[in-house]
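Chain nomenclature is as follows: A, B and C, assigned in order of appearance, with residue numbering initiated at 1 for each chain independently.
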Amino acid sequence: MATQASRSAARLMVSPSVILLFIWMAVPLGMVIYYSFRRYRLLNPERAGWNGWSNYSSFVFSPDFGGALVNTLILVLGVLIITVVLGILIALLIDQPIWGQGPVRILVISPFFIMPPVSALVWKNMFFNPSNGLFGELFKYLGMRPFDFLGQAPLGSIVTIVAWEWLPFATLILLTALQSLDSEQLEAAEMDGAPVLKRFWYIILPHMSRSITVVILIQTIFLLGIFGEILVTTAGGPGTASTTLPFLIFKEALLDFDVGTAAAGGVVAVILANIVAIFLMKAIGKNLD
Amino acid sequence: MARAVTPARKSINTAAAWTVALIIFFPILWTILTSFKPEPVAVASPPVFLNFDWSFENYETVIQQRGYGQFFWNSMVIAFGSTILGMIIAIPSAWAMAFVHGKRTKDLLMWMLSTKMMPAAGVLVPIYLIAVYFKILDTRFLLTIVLMLMNLPIIIWMLYTYFREIPVDILEAARMDGASLTNEILYVLTPMAVPGIASTLLLNVILAWNESFWTLNLTAFNAAPLTKFIAGFSSPQGLFYAKLSAASVMAFLPIMILGWFSQKQLVRGLTFGAVK
Amino acid sequence: MGRITLDKVSKSFGEVNVIPPLDLTIEDGEFVVFVGPSGCGKSTLLRLIAGLEDITSGQIRIDGNDATHMPPAKRGLAMVFQSYALYPHMSVKKNIAFPMKMAGVDPAEQERRIKSAAEALNLTAYLDRRPGQLSGGQRQRVAIGRAIVREPAAFLFDEPLSNLDAALRVGMRLEISELHNRLETTMIYVTHDQVEAMTMADKIVVLQAGVIEQVGSPMELYHKPRNAFVAGFIGSPKMNLIGGAEAAKHNAATIGVRPEHIAVSATEGTWKGTIGVSEHLGSDTFFHVHGTGLADAMTIRAGGEVDLHHGDTVFLTPDADKIHRFDKEGLRIE
C-alpha cells in the first residue's frame, strides 16, 4: 500500500489537521506564558509591563491557591473512587444474566448525556435544597432536621453531582471490558476450584485493570477541568470552600480581570494536567498496533 | 456465560440491577415529572409523584417567555457546525494515517491526542483575549471554531480506529481493479466507512452539545447555547422548579436519546480506541 | 499477452533489504509458482509486480514495456488476494462488474462477461448475494471472477487457497489449473505449500530470504535440486539429509535420499534402526526410524500397507542411483 504516490497524497491530506492543531496548541500556550510574566489588568490596561515572577508568586502564594489545589484534589479523587468502585460493582451486576439488560444499560448510561449545568441545577434545587429538595423531604420524613448540603458540605455535594455524571462512563467502559473476558478462562478457573471471590480477584480484576487505568486517566483529564457544575451551584463558595483550580483561574480572569495572574494560574494548570497526560498517553500508546 | 442460572438467582439479580438502574436514573425521571407539574405542586411537601394535573404549560412558558428558541438554535449551529467542520478536516487525515501507515503515524496520533490534554482553564485567558481582539466574542463563529478544535483529536482518533478495521487488501483490490484514488475513496472506502463516520458524528455532536466551559465563558447572549440558558436559572426568582425542569428536559432529551444509540461508539470514542 | 521480466529488481523496507537484486523472466501463458518458507518475500515480490509497492531499484517490464513506475491499474494485471478482498457492500454481481465499471466497459459487454464468468465459476445462483452470505469457496470464486472479467495480461494469486479447508483446497486447485488450461493466460501463484507448487506449476521459483534458489519445472526440481535447501523444500515428505561419515563415503558433505527411495525390510539392509511412529494410510505407509546414527529420524515411504510397527527393528536400503550429493556450501555435486 505504500507507494511513493500514495505517501505524498497522504502527507497532503494530513497537513490541515496538523497545522490547525499546532496553532490551537502553540498560540494560546505561547500567549499564556507571555502574559504570565506581564502585569496586565483589563480594567487599567495602560499600566502594562514586565512583571517577573510576581504573577506566579501572587497566584501560588495567594491564600486561595492552596485551598483550590486541595479542593481540586478532593474533587478528582472523590469522584474517581466513587465512580470506579461503584462502576465495578454495577458492571458486575449488569453482566449477570438478568431480564431487560438493554433497558437497564440505557437507564444507567443516561446521566452521561445530561449537560453539566442541567445536572448541577437539578441536584442543587430539587435534591439538595434544604426547604424544597427531596433530600430535605426525606430528612423531614425520618424526623431529622433538613441539612443544607451546598452550604454545609459544598465540596461533598459537588463530588456527588459529578460522580453521578461520570458513573455511567466508568460503568459502561468496565462493563465492556468485563464482557470481553473470555468465559472459558473463568470456566477453567472454576474447574480448578477457585471460589467466586478468588475468581474476581485473580482473573476478573486483572483483566479489567487496563480499562480501570484508562477510566481513571481519562476521567482525571475531564475532572481537572470541572467548571460548569461549580459555577451554577456554589460559584466556588461559601467563601472559597468549593473553589477549584480552574474556577480560581476563571475568577482571576473574568471576575477580577487580572490577566497576568490568571495566565500564571493557567501555566500551573497546564503543568499539572501534563503530568497526568504523560501517564494517559503511555496507557493509550501501548494499545496502538 | 453459556450456562443456565436458576430462575431464582436470575430474579434476584434482575431486581438488584433494576433497583440500581432506577436509582441512577431517578434524577432524570424526577426532572421529567416535575416539568409537567404546576409550580406549587413542584415544591409541595410531601412531594407529589404522579397524582397531579399534567400540563405542558411550563414548556409553553419557557419557549415563549425565556427565548428558548434562540438558545436551541445556537446549540444546534454550534454542535453540528463544529462537528461537521471537524469531520471535513479529519476524514482525509484519518484516511491517510490509517492506510498509509508510516513510521511517524503513531507519534503524530499521540501528539494530536496530547493537544486534547491542554486544560481549558489554562488557555482561557489567551483565547478570551484573541476573541476580544478580533471582536468575535459571543459569536457562533467563535464557538464553532473552538469546539471544532477541541474535538478534532477525538474525531480523528475515532475515524482512525474505524478506518483501520477496513482491510487494506480491499483497497488494494480496488486499485488493481483500475480505480483511481478518487474512485477508490468514493466507491469502496466511503460506503464501507459509513457506520464509523456516522457514529463519530453522533458522539461528537453529543460532546459539543454538552460542552460547558467554553460555551459559558465565551458567550453572553447572541451566541449563547442551551448550557448558558440553563445556567441562567442559577439565580432564581420566585417559584421556578417546574420551569427549570421543562427547560432542562428540552435541553437534554434530544441528545440523551441520540446518546442511547451511541453506547458502543461512546466507549470507543472516549477511550481513544483503548477499550472496544 | 503477458510476458513479465524482472531486471535486477530489489526491495528494501527502510533499512531492511527484503529482496536483493533479482532477475526473473515469466513467459507468456506460463503458470509460475513462487514457493518458499514464510517471510521469504513471496508476497513482496508479487506486490512489486502488481505495483502495490514501489521497487527500490531495477526494472519491471510487461510485454517489453517499462512498467516500473506504472500505477497498478495501468499494468493490466489482476490479483486474487488471500483474504479474497471482496467489496462487502456490493453484491456478487457488482463485485465482478467493478473493474469493468472502472474501465468504462459498455454495459452490454459487462453483462456478457459477468454471465460467462458466473457460468464458468458456478456462481449464477449467487449473483445477487453479498459476499458475507457466501462460503469461503464461493468467495474465492467471486474473487477469481472479478479477475477474469478484466481479461488481464496476467493473473496474480497470493496464497488464494490458504483460508479454505483441505478438501475444498484440492477442488479449487483443480479449478484454477483448468482455468489456466482454458484461458492460457500467464498466472503467477504464491504459496508455501509445495504440493500446490508441484501440481499446478509449469515453472517453480523457489525463494529463500528474497533470493531465488532455483527456477525450473517441478520434475527438474524434484530430480535435480540445485542445493540442499531446494532438496529439502521440494518433495513430501521431506528428503532425508545425512551428513558426517556416511556422506563422506559418497565424497560429499551432505547426502540426501527421498523417503520414497529407501527400501525397508525386517531382515536385511544397509542401515539398521528402530521404528518410532508408523503411519498407515493404506495407500502408503510412513515410518519414522530412529537409532540409525545417520539423522535424528529417517522418514521412509513404503507403497501400500507394510506390516511393521512401533518398536520393530528394521533395515533400510537407499536406492543408490537416487542419492543426491551436496558439497560444503550445500551445492549439488553431479
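Here are a few things to note about the model shown:
The working rule: a residue touches a chain if its C-beta (ideal position, glycine included) is under 8 Å from a C-beta of that chain, and two chains touch if they have at least 3 such contacts.
Just so it is clear, the model here is predicted, and its values are computed rather than measured.
More C-beta pairs in contact connect the chains of A-B than those of the other pair, out of B-C and A-B. Here the chain at the heart of the structure, going by C-alpha means, is B.
Averaging Cα coordinates per chain places chain A and chain C 57 Å apart.
As a whole-number value, the distance joining the C-alpha centres of chain B and chain C reads 53 Å. Centre-to-centre separation between chain A and chain B, using Cα means, comes to 16 Å. In chain B, the residues touching two or more other chains are 172. Within chain C, the positions touching two or more other chains are listed as 52, 71. The set of chain A residues that touch two or more partner chains comprises 1-2. Chain B contributes residues 1-2, 5, 10, 13-14, 16-18, 20-22, 24-25, 27-28, 30-31, 34, 43, 45-47, 89-90, 92-93, 95-97, 99-102, 106, 108-130, 149, 152-153, 156, 168, 171-172, 181, 206, 209-210, 212-213, 216-217, 226-227, 230-231, 233-234, 236, 241, 244-245, 248, 251-252, 255-256, 258-260, 263, 266-267, 270-276 to its touches with chain A in the complex. Those residues of chain B lying in contact with chain C across their complex are 103, 167, 169-170, 172-180, 183, 187-188, 191-192. Within the complex formed with chain A, the chain C residues making contact are 51-54, 71. By the touch criterion stated above, chain A contacts chain C in their complex at residues 1-5. On the chain A side of its complex with chain B, the touching residues are 1-2, 6-7, 9-11, 13-14, 16-18, 20-21, 24-25, 27-29, 31-32, 35, 90, 93-94, 96-101, 103-119, 121-127, 132, 134, 137, 140-141, 164, 167-169, 172-173, 176-177, 180, 183, 186-187, 210-211, 214, 218, 221, 224-225, 227-228, 231-233, 245-247, 249-250, 253-254, 259, 262-263, 265-267, 269-270, 272-274, 276-277, 280-281, 283-285, 287-289.
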